[in-house]
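Paired with chain B in one complex and with chain C in the other, chain A is shared by the two complexes that follow.
After this line comes the complex of A and B, so read on.
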């Protein structure tokens, strides 16, 4: 039980700035949803909503005209659509990692950022789910992706990783949403109880499912949370593994690789943490959460970015090694072509952003530097988009038949849909920040020294606990 | 403080049952009203000439292949040219008013614009000849044409319907010399003339 002691007992730093009290946490987090939105929020929200509008128009145009409005064409049959899909799913990985895996490993520092990361996960997965839906061409047949009993007497191909993908991402979305919602219940009840108008009371009251903070409620809550954490932990590994099967089970040189599942998972966590970092640093400044999201958090996250970035770099190197070692000339060609062919610019963008930039975090001074953390998080986001682009497009554009080699050019619709998906993501995220407690208040309170059974209150009012506390 | 009445506790159960019922209802309605069994079977368009299969194929017993002569060899079943009608009707009922459009077509050389009844989707590839040479009779897909005054779609021609036979062709195979015999009871009375492996893969029909 020694790990359950006050956090400083096991030689770690305070997880929030000392002096933070229960009341301060409730105030700091709740007031964001109660006070009028700051000007900065409105500016970002209007920008994000405009981009979402562009997304709607571009998708309408796509449905009206067909996928020919994209740059995809033989031999590059998958391009930005699937790049965006994989990119968004990858970003969605940090949420589960932070909320489930770090929870099971008792990494208490996660409490300041898990709500955030989970919300980001859900919105990223929504953006990701958009792309398989719209890339099918005959979009009114998108329901073919699901194994629905139908009058055609036929099922989707259960041997196809594309179907596994539907299940993997669908499960991930469902479990993440449940996990997020269960974690929200006590905090929504706090907002309900603080409500001064009846609409808020009704809405938060409805969402908090009658939470009264009774002992039994907490017991059920803790158990449900633990079960969901245990359920989502394997998903961290499975989802992106299955996404990587979309490529790895094909016979395309550059895709047909057994390293893909671990490599994709590491990349996903890498990009997810980068996106959490980007959003967190902005929200921390805009909503003045410095006391709750401290330098400790930023530094720990940067360490994870460094670790996963290094794994990704190793995977890039190993792909080259295996291409050489396999003796397969198509495989060798694809990798040489990636680095030195017409897409070399994309390849080296990827390498600089994903492999080189996180290496700065070996230095403590740099990984505790907030502007630099922000810049690198953006670099990683860019780099991970390029990673998927490089994998998909450079493998396809020159495969077995040199007579059908080609080069991919994005169209304005490609660009509009990608930018629009960013707009959708930020719209959802800004709405979340405005209406939902963005930091898990109840959980964060549990890492305060006051929450510990062994906590010593100040001299003047600790008569009750004084005697048995230091029994050891 | 109590915000909601106690009765609201039943809401989740009501919503769950409601969603299940609504889902089932929508599925059955779509399945019934939006599938070819409902939307296509019974399609009986007005033709430019009141030609009666009942009279020609039924009462007079003409073989299907007199007019649709290429069906055993071609992918696409032929609609007879005016020439075929005139083989007889230059001698028989030469002044019938009902045949006026045929004579007009014969004199002007403009084809009669028959309305196609059995329409498959553009993305479904269908070959008549391979079905006939396997011993599938006309009546299996077209019904009792010999009893139709006006041709009507008898079978749904839907994907599920095609697959039913592709998965188990036996009950629809008849002796190869009886393919134009409209007696449905001959179906399933013969071994196929060659080992059959009807495709069930996507590219079998969607090429």
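After this line comes the complex of A and C, so read on.
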């Protein structure tokens, strides 16, 4: 957290609007959890809860009738459910990237956005974990996924990437939750100390574990935080790599390729940043966080979206090249079929959303335009969903023998479960921004110029007036 | 030193309790760090600094040794890796060997993902619970919570606390030492607990 000189000394921009004090940060962030929720929150919450109800009904119906209520059928045995799984896991990756990778690179601007990006990770992974769980068909046997001694004396197959997935995503969820909670402890203590009624004092007091901001504690705390960041960085790269092994280790044209791990990771970061952007812009407007989440943040995020979007575009092109270069006629056919076959509409939706739309961010005017950032973030979310759909469904729908060709049609249950998972995600997210400090207060305070022990209050005060904040 | 006696002093805590610690409040990290240096140089060992966020350089100002957390995490990493190797070997080589896809039961490449994940998982548990263990948290009943002014520590105030259990502690001398660091306020926190 506090690891080097004041921001202006090393020529960086202000991370928050100049003149922001410790007290202002505490007030701006804490009041969201203390004041009655704005009407916008209630409208979104009721909508999200309704969709969560749809999810419950659809899953109940699925359990009652079996996976036949989905559109999956030979040859397309994996369809919406695994698309949704990969999409949700991918979205989660941006949270870890912001909280861990940018931390290790000392990108201090992350402090305004890391908390809700981490929350987003956890909720996205919850939505992701739902899908393999309900996809097993006989859900009462879902525990077969875990290496638990059982009466049949059989064990899971540790050579299967599907089992690696259980370990990778399970570890990812656990470590992300721990990382998030560790970051929350000082801020929960802030809410505890500000609380005016005993219920809040009890709940936040219990959760903050008796934190007393002791420097002897901060020392171990900062070390723990750094170690968790260092652990999460290879972890996040491993998770989507392992997810891509589900495909890459199979001998299936369109899946069996070595580019998958880096390509999946780049796509995951891309989609996750887009989701962070969507949520951030909404939270910024609804809760008036403009002083803490500034145009600088939006612009930097858009630059990352541009960079990862371009990497994803490169991967699409390279897949085509390798398909041609391999000389394998099945491999070539799968790719031509992707772009020009019955699913061409999905393929070109993907290309438009993921490759073309972020290219607008080469222009500074466009990447600092808030309505456009919101629209493109939605496009990227849609495009990345289609990427997974295209990879999964187009590779499967025309098997080696033309008699095994088919076309996947989603059923209402498929659609209801997907929409419901969005409802679950937003329900959790809205509860989070209502009851938990959505910006990491202690971390944000530590990057103010005033946080340095070598800071001279009056000089800097004048300096602020001489140079008012600009976006850049 | 003319204004030393102008610094207000209050006593807080339950009736009839004995002093547990002395608490001095500051407005800036710099003032707090200078105070920590003075207390350290005066030879105190049972003292602490409380800041809303970690202040760079404070460990040195307090004379703290490096955190031992890394050793806990390293131990847990080894344990996690060994657990994974043991689990896979027991499950797929000894207890239930089963040939899938023509691969031998003992196949090192297929060990990699699960070994990596369990190493990370155990290390993360080591980092979080090791940190809480070293900090002796959770602890909800510390005497310092008797002070109402101390609630600002999670907002924008900085504190130095000296425990009465410190061998160097003396009510007058410690108070004079803290007054010389020009705090806003000094409190003697009393509590029934040791």
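In this section, the second predicted complex is superposed on the first by the 455 of 472 C-alpha atoms of A that agree within 3 Å, B and C clash if a C-alpha of one lies under 4 Å from a C-alpha of the other, contacts with A are read in each partner's own complex, and residues count from 1 in each chain.
As a convention for this text, a residue touches a chain if its C-beta (ideal position, glycine included) is under 8 Å from a C-beta of that chain, and two chains touch if they have at least 3 such contacts.
Everything numeric in this text was worked out from a predicted model, so none of it was measured.
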Is A:206 contacted by the first partner chain B, the second partner chain C, both or neither? both
Output check: A:50 vs chain B and chain C. Expected answer is one of first, second, both, neither. What do you get? neither
Could you look at A:451 and tell me whether it touches chain B, chain C, both or neither (first, second, both, neither)? second
Quick check on the superposed pair: does A:221 touch chain B, chain C, both, or neither? Answer first, second, both or neither. second
Have a look at where A:154 lands relative to chain B and chain C in the superposition and call it first, second, both or neither. both
Is chain A touched at more residues by chain B or by chain C? C
Residue by residue on chain A, keep only those touching chain B in one complex and chain C in the other, then list them. 153-154, 192, 205-206, 210
Can you check the complex and tell me which residues of chain A touch chain C? 1-4, 21-23, 26, 147, 153-161, 163-164, 167-168, 170-171, 174-175, 178-179, 181-182, 186, 189-190, 192-194, 205-206, 209-224, 227-228, 231, 234-235, 238, 242, 245, 441-443, 445-446, 450-455, 457
Complex interface listing, chain A residues touching chain B: 150-154, 192, 201-202, 205-206, 210
Interface residues, chain C side, partner chain A - complex: 28-30, 32-33, 36, 48-59, 61-62, 64, 67, 69-70, 73, 87-88, 91-92, 95-96, 98, 100-101, 103, 107, 110-111, 113-114, 116-118, 120-121, 123-125, 127-128, 130-132, 134-135, 137-142, 144-145, 150-156
Quick check on the complex: what are the chain B residues that touch chain A? 3-4, 31, 35, 37, 158-160, 163-164
